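The structure appears right after this line, and notes come after that.
Think of it as A, B and C in the order they're written, each chain with its own count starting at 1.
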Amino acid sequence: MELSSLFDNLALGFSVALTLQNLFWCLVGAVVGTAIGVLPGVGPVATMALLLPVTYYLPAEGALIMLAGIYYGAQYGGSTTAILVNLPGESSSVVTCLDGYAMARQGRAGPALAIAAIGSFFAGTVATFLIAVAAPPLTVLAQQFAPADYCSLMVLGLVTAVVMAHGSVIKALGMIFLGLLLGICGTDVNTGNLRFTFGVDILYDGINFVPIAMGVFGLNEIMANLTNKQRRDLVSSKVSGLMPTVKDLKESFGAMVRGTALGSVLGILPGGGAVLASFSAYTLEKRISKTPEKFGTGMIQGVAGPESANNAAAQTSFIPMLTLGIPSNAVMAMMVGGMMIHGIVPGPQVMTEKPGLFWGMIVSMWVGNLMLVVFNLPLVGIWVKMLMVPYRLLSIAILFFCCIGVYSLNNSADEVLLIAFFGVAGYLFVKLDCEPAPMLLGFILGPLMETYLRRAMLLSRGDPYVFVERPLSLAFLIIAAVLLLMVILPFIRRAREKAFVEEG
Amino acid sequence: MTSLLGLAAPAVLGGRLANAQAAWPTKPVKLILPYAPGGSTDFIGRPWADKLGQAFGHPFVVDNRGGASGAIGVEAVAKASPDGYTFLLTPNAPLTVLPHLRKLAYTLPKDLVPVCRVGDLVCGFTIVPSLGINSIAELVAYAKKNPGKLAFGSAGPGTSTHMRIEALKAAAGIDILHVPYRGSADALNDLLSGNVQLMNEIIVIPHVRSGKLKLLNVNNAIRHPEFPAVPTLAEAGYPGIDVPVWYSVWAPAGTPKEIVAAFNAKVTEIAATDDMKARMQAINVVVPLQKPDDISAHWAQDSAANAKLIREAKITLD
Amino acid sequence: MNGGSTTRAGKQQSHDSNAMIGADDEPPRGIRSGQDLLCGAMFALIGAGALWVGRDYPMGTPLRLGSGVFPWLLSWGLIGVGAIVFVRGLLTDGPRLTGWAWRPVILITLAAICFALLIEPAGLVVSMAVLMGLGALAGDGHRPRELSIFLAIMLVLGVGIFIWGLGMPIKVFPWN
């Protein structure tokens, strides 16, 4: 794209986004988004569905700017709950829990929240600029991916989950398998067969992510904290410093850049883009760190990297929707819904036929991100104060928000029963020293991987060599194999040394 | 969901119902859509819910109950209490295709009664231009020469996007590989990159306009106003398989006739307003108004045609 | 598990003080890591169960992989991992299973279940009250005044956010 036309476009965008009315809708979206993001369980999809009919009465620009604001506002809010009370409301904030909550328990909730907001803003700025400059070429890149390539990418994603584990590698592998099995529960996409539904109709559509995450993280954390006074007091006792130190910022800057790069690329891909982005950013940080064993105990890079990655991915996931009209996830499907309500059929023509809307929306994303960081940083103090509420009371509030949040997903009481089930399961996992995060990644990637595997086999007319014949697919598989070896080799060596020692 | 928690069913009914009819509705009405939010059922259902709520003075609350190709949402309505406060808004597939493919927890016409028809979505077959195929006849010739080489994407097994191309395959005696996707958008992605070559969907229209895809025909009795040069499927030589996707509202069997009639009348009224006309036109939907009896007849006809197709073309879910 | 033979008083202690109680119990002879043994058994049993439940899922052909292929692979993967962990538990020393705290686990689970059963028939206020009541029993050190003020605030917040704010289609009171 010509540089001058880029500036013309951005100028047009600013002229739309900075009108008083659109600034207002942007603010409304960002505030509502942050609020529902903070509430565990209540996600952007449900909120956008509720607000969709209302948007009919707004001008098209205002409606879409507000809906987009809800989405990235929810990304900011989601990390707040993950860091403060170990509750991942969105699949992409699961990894934020690992080191973010660990930081909070060391009294460093303030720096963790602030770095999450700063990282998100940095990533949002870069990714928005990327959309403006390179949306069409990035679309072409995403279209190079055939089902076989996606399948291999999912394999790579699962391997990153093994790398991520800070305990036993073999148990992490078991948890991934368990997650994969949970993920394929429900109606098979290819054939319509029911699998592992045990005749219970709530399982026909598969298990929802939220009850599992709320159960194994949220309820389980309450149980563990109520059991153990020392553990619980850690949460609320000492709070040292609300803002990150210069050292913190220095340490996280590299992670933000790397997370942003990973997130920007993975966000364009449909399906698990944002989740893969946050998981792989965490893995990357752990791999290149000089102290990988400290991950999971409150490393600030473990917050900065994934938070930047998931926000970058959230922004770039707009690219296929804007350029092709293809929603890459449920939130983008709601955006498409918002456009259709205004008689705009999403697709390549939107950019040329409605440049004001197109560029206004892109610029508003940056404006919205700016608003979010501006009012999220002062909020950090208030959130940290919330931890001063005695845990015996805080636990009751968390319990309630978990249950009502899960109920609000589908107005289904049965899903609240699921959260009870997974709460107990999560407690068992902790007792057996099994980490739930790899299970959740398996759960999310499992059905995608199976679908792509079968689709690749269909399209190759039953020829499995398609996975090594396609260069992209081959590259992913090689990276996955190398990563796996790097993790397993020292593990085997250690086991052998141990065995020798015991024999001797 | 009420099936596990049967306690939830309100214990109104009985004698009080007679009085209730006069002043229906007196509280919010639940409109169940059997798919996840954001799909074409939402685009059609939500404007109606909005307008009906305004017209009756009580909100029509949309409840997305997705899953199992629509079977879960339909079952929820079939088992709901017939008190006039639960309705179903659905495309035809869960009512006229699914029952012939799978054992379901509901049967028609026993469990549901028709209320009104709220819109038809006209589809067409689109193909990637790189193959140089310009008409249905050329498509059939190509497929005959290269059996199994072409692949088509669908929004899932048993959906209209699947069934209509199966119908063409059966009528023309050709072999095209079926590749199911989780919804149309997913399939469109692979269609645009050429991983599959053919698809029956309305959401491709912008890409037809931009020249990235080619529209071979429309599945309707009349041509599409925007593409007057594109023939209907009947004109292209394959009559009788050009059924559009039709959306309708149903109520649990036993719902008072007066309530159904009041609902139907209000839909007719709303459909005539300029606002509703504009909203439906924007999403390529035509609203063929029908009385409940006509819908029953249309249902029976569509269902029988699909049963015949599934039997003859040996379509299964496995 | 290890606490199976302890006295009632001993159990009481393990609930209320920290979870490490029980760590000084002698493990049964021959088992070097109770944690690994149980974990391996859990994986293997779930794998075997999935294999059995999915025994009739069609395997399909290489072209059209059936819905049984993936479950079959995963089941065996889980059984394999389970076996490795189990054997490791037999051969190498590792952490033992330690104090299980039943009171919060049971009460929190019960609270969620009651909420699920009550939310539709009895409405938000009643189900919230039951949920939070059981949740309060799970914790300790409550002060009656503080707790009742907190519960009242939560009730108002709950109704405010979810009924008025988000407009969720649920009853507020049983008689609505």
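Heads up, the rule we're going with is that contacts are C-beta pairs under 8 Å (C-beta built on N, C-alpha and C of every residue); 3 or more make two chains touch, one makes a residue touch a chain.
Note that the structure is predicted; figures quoted are calculated from it, not measured.
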Central subunit by CA centre of mass proxy: A
Comparison of A-C and A-B by number of C-beta pairs in contact, larger one: A-C
Intercentroid distance (Cα basis), subunit C paired with subunit B, Å: 41
Cα-centroid distance, subunit A relative to subunit C, in whole angstrom: 24
Length of the line joining the C-alpha centres of subunit A and subunit B, rounded to whole Å: 33
Multi-partner residues of subunit B (at least 2 other chains): 5, 8, 63, 318
Shared interface positions of subunit A, touching two or more other chains: 190-191, 193, 411, 413-414, 417, 458, 461
Where subunit C touches two or more other chains, by residue: 58, 66-67, 116-117, 120, 169
Residue ranges of subunit C touching subunit B (in the complex, touch as defined): 58, 60, 66-67, 116-117, 120-121, 169
Contact footprint of subunit A on subunit C as seen in their complex: 15, 17-19, 35, 38-39, 42-43, 46-47, 50, 53-54, 57-58, 61-67, 70-71, 74-75, 77-78, 81-82, 84-85, 88, 92, 95, 97-98, 100-101, 104-105, 108-109, 111-113, 115-117, 119-120, 128, 131-132, 135-136, 138-142, 146-147, 150-151, 154, 158, 161-162, 166-170
Residues of subunit B that touch subunit C when the two form their complex: 2, 5, 7-8, 28, 30, 61, 63, 318
Partner subunit C, residues of subunit A touching it in the complex: 39, 42, 47, 50, 168, 170-171, 173-174, 177-178, 180-181, 184, 188, 190-191, 193, 195-196, 198, 219, 222-224, 226-231, 390-393, 395-397, 399-400, 402-404, 407-408, 411, 413-414, 416-417, 419-420, 423-424, 427-428, 431-434, 450, 453-454, 457-458, 461-464, 498-499, 502
Residues of subunit A defined as touching subunit B within the complex: 45-46, 48-49, 52-53, 56, 143-147, 186-187, 189-194, 200-202, 204-206, 270, 320, 324-327, 330, 333-334, 336-337, 340-343, 345-349, 410-414, 417, 451, 455, 458-459, 461
